[in-house]
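There's a structure below that I have some questions on.
Here the chain labels run A, B, C and D in written order, and each chain numbers its own residues starting at 1.
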Amino acid sequence: MAKAKWMVTAAALFGLACGAASAQTVKIGYLPSTVGQALTQAWKTGIENTLKGQQNVSFQALDAQMKAEIQVTMMDDFINQGYNAIILQPIDAAALTASVKKAEGKGIPVITLNTDTKLPHAAVVTMDDEGAGYMVGQEIGKALNGKGNVAILQSPPGAQAGVEREKGFRAAMAKLYPDIKIVGAQNAAWNKDKAIEIMNSFLQVNKQLDAVFAVNDNMAEGAMIAAESAGRLGQIKIWGFNGQKSTLALIEQGKITGTAYTNAYDQGATAAKVALDLLSGAKKKGSKTEVITVPPFAATKDTVAQIKPEQRW
Amino acid sequence: MSVSAIRRLILTGLLIAIGIALSIANPTFLTMDNLMTLLQEASLTGIVAIGFTLILITAGIDMSIGAVIAITSMICVNFISHTQLPAYIYIPIALAGGCAIGAINGFFITYFKLPEFIVTLATRGILAGLALIIAVKDEQGFVQNVFIEDEVFLSLGETVGPVYIVTIVFIVLAIATQFFMKRTRAGTNIYAAGANPTAARLSGINVDRTLIGTYMFSGFCAALASIFLAARMMTAMPEFGIGSELDVIASVVIGGTPFTGGVGDIWGTIIGTLFIALIKNGILKLGLSPYIQPIVIGGIIIVTVVLDVWYKHHAEKKATLAARRKAMQKEVAA
Amino acid sequence: MSANSKNDLLLECRGIDKNYNGPQVLDGVDFSLRRGEIHALVGENGAGKSTLIKIVTGITNRNGGTIVFEGHEIPVEHSKIASEKLGIAVIYQELSLIHGMTVAQNIFLTKEPLLAGLPFIDIRKMNEMAQAMIDKYGFDLRATDIIDRLPIAQRQTVEILKALSNKASLMIMDEPTSSLTATESERLFKIIRMLKAEGITVVYISHRMEEVYDLSDRVTVLRDGKLVSVLEGEEITPAEIIRLMIGRELTEDESHHKMVKKEGDVVLEVRNLCSEGKLNDVSFKVRKGEVLGFGGLVGSGRTELMRAIYGIDPFDSGEINYLGKPYSPTVEKSIASGYGFVPEERRLQGIMGGISITGNVGIANLDSIASPAGFVSSSKELERAQEAISILNIKPPNPDHLVGNLSGGNQQKVVVGKWLIRDLKLLIVDEPTVGVDIGAKEEMYQTIDRLSKEGVAILVVSSDLPELTRLSDRIIVLRKGRIIKEFTEGVVTEEEVLRAASGIVEGGAK
Amino acid sequence: MNAKSPVIKEHLVELRLFGVLLVLMVVLSLISDRFLTVDNLTNVLWSVCLIGIMTTGAIYAPITGGIDLSVASMAALAGILANVFMNVYGMNWIVAIALTLLIGAAIGWLNGIVTTKFLVPAFIVTMAAKTYLFGVAMLVSNGDQITIMQPAPFLQIGIGKFLGIPIPIYIMFALVIVSHILLKKTVFGRRAIAVGANEVSAKLTGVNPDRTRIIVYTISSVTATIAGIVMASLTQQAYAMNATGYELDVITAIVVGGTSLMGGSGSVIGALIGAVMVGFINNGLNLLDMPSALHPIATGIVILVALIMNQGISLPAVLKKWFSRPGVAEAAK
């Protein structure tokens, strides 16, 4: 009897505590594959700008250091700390599915960026890597009018985002431009000096190389440096991916041919908005993942001007 | 009370102090969920650390543990996605694989008398590559990380009550290993081989076999951790665990097992693992910028070890001085 | 040997051959041991003693010959473990104990008592058994002592216990006294006789002829891998043994030496040197060309004193005058100002085993082989090395030879040699001839004599009393960190030194 | 100043390695006709120059029986610092580089102090340094991939060419020569070797092990800094994650080059050859468009083979070992 009473009070107190907590602040966590990337930085800025307006919203970013294990740990930590929403860029769909499931199970909406996971969750705000890769394929194909030699600077095997982009690109080649030969594909590990090294060997092997597709801008810039120092920059179309500020500048200089640009600020902002709406109840969570696509934009010398300074990240 | 015992007490005290500080700084630290995930983390590192402790006791080092984790998880997913074998058949096979790798390390180290660091560094590279090669691929030949649905396998990632299975396994393994080291001949041989190989040989210990055995055990532990990791993440990736060596080493060394061999035990390693796990977990609670976190972690590691080493040195100096005085008194008496 | 002694042979080796694919190390050696005898095995380094032992104990395999132990043939393919099972035990020069383990653990390593029917060690039982053995022989040890803290002599007793625990019927001791003080040696001899009384055969390898003379029932002499002869009873005399070993007589002045007063001006003066727990108010002078010997037990502060003078360890109070000026030593300064230092433990402190003779010599002479800018001239370095080699005729005379692969004697020569080629004013030598064979020993003595004639002041620390008396012009005996006696002029006997060292002094400390 | 003793004898290790290198080149040129071209070889050197530069200094740690795992993070940090000095504080590029080198030296000195004065194993010290230096790099660069657009002369360091050969290659060879002389022909080199061979003995012959070690880690860190500057200029980028994992490549090169981690010996030229060897193999795999998974495998195998060779182990010896009882055979020593 007394025990029961005691428990009731305890429960009441607990409820009070929780109530207080939720009334005070809404905690939103941001967990990209790595904080050390122009893209993830831009997302962060986008998110922060959106949240700035809101009062009593707290925001914390963590660094998964490109390791799925670590990202999973940090997901757990967000969950345990009772965050109210999580904006996540899964390093790998399969690897993060479990954590996302766990979070959603605890009623924490998870909004993923670019990479979806295997099980349904709140929403995914994606630029559709595969589609964008396909688009780059088309652009290069057009530019080479249907024939020539192309090489690919890959991401590490198993790095999903990169793989999607490459798949899309290859699909375009296979479908639309059967005469374009993919003469080489090597892993430059997202990394600029590795990209230089590998681009050099591409240039060695292929006396006639017409285009290079790097699955991120960083590697594209590396390829550019190599081509330039080999004095073959003129003959090679170099395409990157993401459209970070530095690359756009290089496009204007005509050193890099183009890149698949997305407005990462917007993308981040959208994700944040979705999160806020879900929390405020303005938006109801569906049974399956809501897909918000941010269309990729082919930024080339002619079109890059359309990207306004404030949209460059 | 022995020097090492005191050091251990100090470390434990530090552990508790940090714990308290954290729970004040952030109430969510002291929740069941968080503590359990903390233990889960600690256990995953800890299982590997147990094997690594034995390696350090033999005055060796094993840089390949990370890669072993990677390849073991790959072996598992291959069984899962290409065969119908049940978990209780392929898990033992995977563990055996870990032992085999350890045996290869041990073979090169003992028969060719090569430095452990480099041999295991080499095998690390080879295994990392192999992991990518045997990784499950999609029709276009891209590595594809399978979402594991094998119930039995996934059940390893579950909890018993609030405690994760991996934690229980860690504790059991730790106790068993500690007992093995202190109360069996094989265990004593490992200490002997580490403290003074020549003497060990003269005493009729087969040092080479002992070393190979130790490396096999290290491989086994890594493989075991790998399976729990995969179960927890419901998938396996060819880059699993690669780079985690340094965490393990830090845990063991902070636990008070030196590189010089011949000394050290599992209790220390447990404390060390908890210490690192605690810091890594706590740092996330402080709302620090992710950039500052590595600085803090690196700083704490170095400070702890500096203090520890300094204290040990100081204590030993005192002990030897005392011993010398005693000897002189003896002479007087004689 | 008589017929009845034949049949109580414990071990009989016939025509043992051994060649490490190349030089013939053992050549048809016969070697036999009787039950319960103390048998000395002597010979210069490289005579084949250790090889013979290794073959008997199964560490290496013989190329030819037969070994019969306790009546049954030992196969060629033999192992250390197997021979231990037969009851052959070895006490090594480098002790084979495991640091960090207790006495008991060391005694019972690999044969720990197990809990009934389980593969688990019964620690309590182990300690009890160990303590029982210790008490039986009345050693002052505790079964639970950690090895690291025990002095050498006690560690050796642990080794012996270890052997006894193997039910050894044959115990081989390789240079057991090489690092023991006189009193400790005496204690060891007592133990050896105790073993003999128990019917255990002891093979005793030593370079110290007096010990051999005192101890052994029979002596087997080897030279260049061949059996020279087996002495028994009356035939055993130090002079005879040495003659057989090196094939020549030692002249009088080599074995005896009268102390003389040296009148040179003072090179080094030490006043009231004190160092917590090590040295207590030590004062002495050493003159040009004087050989000042330091006697005393291990731990009496001799080595500590030398280290302090050389500048390795700081001291608390007291002052040092060097060449008339006050001097506060640091190793660099000492070397620069004409010190030379030959440390106690050759392998650990003296040589750099992995490096050539050139390198070992060079590192001590950087000042003379390098330009002010700090560039080393390899050619000069080589010259210096060759100098050292020729002065002390180091064998092989190849400057590129790795010092680690040299014989003990030659290693010691390198350690000394790197100083001799400098303009030396003061040479500190700590245990000059440990583990060095007779021949090299003599050379070392002559070198020291020559240096003193050249006017170098020399401080010699030695636990080998004949050596100390043979070398010194004056002997200071330390005890518990203070000077307890000083012998000047005339002839001093080993007994006198020994008694002073062990505190039996008429009139006590001066 | 020059050695009169036969050069051959002095450089046996180097010569043997060079032989292996030649064999490797022949094999590769048979596999790929693109391999043995001036351009390609230049490119390989260009791609190994970062490792090469780091190696020239990092080698002293193993020679003294230590190890330096912090070089990679140091390099990344150096690039970032240089950029900050030039493009944030607008310093002259030479001043900026000088300042960066100074900071690099300070960090190395700190490593040395902690290992020697606080008696912490170098492995731990440099491992921790690796972690916190990365953090500092992230902090300073705010995690951005900063593209370095100017000053032009700074950018020339990395991609500029002299006589058709990229400048970093000159830098690398210059440092190799300097380091080689430092090791083989100077008092410091002798002392480093002595400390590695037998610290006590070295101490008793007037070498100050602590001072030597501190210098060693300072040098190691300085060369890492140089590498970082070159990398920043080469990639026109200041980025905390550049060069991650290079420390292991550096150690690989050193060991393949015949330097033992036990200390007491070492060969700078050997290390360079080691680095080039690994570079060749990766280049070969690239030229053949092999999957990247093969790179670590090939490197691993090279390490093992090189090690076994450096042990001077011949096949018969190995076989003999296999058929003799392990343990007992060694008990003699």
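Just so it is clear, contacts are C-beta pairs under 8 Å (C-beta built on N, C-alpha and C of every residue); 3 or more make two chains touch, one makes a residue touch a chain.
What you see is a predicted model; the values in this text were computed from it and never measured.
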Top-ranked pair of chains - ranking by C-beta pairs in contact: B-D
Taking each chain's C-alpha mean as its centre, the one farthest from chain D: C
For chain B paired with chain D, centre-to-centre distance based on mean C-alpha positions, whole Å: 29
Whole-Å gap between the CA centroids of chain A and chain C: 72
Centroid spacing, where centroids are CA-atom means, of chain B and chain C in whole angstrom: 43
CA centroid of chain A to CA centroid of chain D, Å: 35
Interface hub residues of chain B, defined as touching at least two other chains: 132, 198, 201-202, 205, 243, 289-291, 293
Where chain C touches two or more other chains, by residue: 80-81
Residue list for chain D, restricted to those that touch at least two other chains: 138, 142-143, 291-293, 328, 331
Pairwise chain contacts under the document criterion: A-B, A-D, B-C, B-D, C-D
Contacting residues of chain D [partner chain B, same complex]: 67, 114, 118-121, 123-125, 127-136, 138-139, 142-143, 245, 248, 251-252, 255, 260-262, 291-301, 303-304, 307-308, 311, 313, 318, 321-322, 326-328, 330-331, 333
Sites on chain B touched by chain A in the complex: 26, 28, 31, 33-34, 37, 41, 132, 135, 140, 142-147, 157, 229, 232-235, 237-241, 243-244, 280-281, 284-285, 287, 289-291, 293
Residue numbers on chain A that touch chain D, as the complex places them: 34-38, 41, 63, 154, 156-157, 183-187, 189, 191-193, 196-198, 200-201, 204-205, 218, 221-222, 225, 228-230, 244, 246, 249
Parts of chain A lying in touch with chain B, wherever the complex brings them together: 35, 60-63, 67-69, 72-74, 76-77, 79-82, 92-95, 97-98, 118, 156-158, 160, 163, 166-167, 170
Residue ranges of chain D in contact with chain A within the complex: 32, 34, 37, 39-40, 43, 46-47, 50, 138, 142-145, 147, 159, 161, 166, 231, 234-237, 239-243, 282-283, 286-287, 289, 291-293
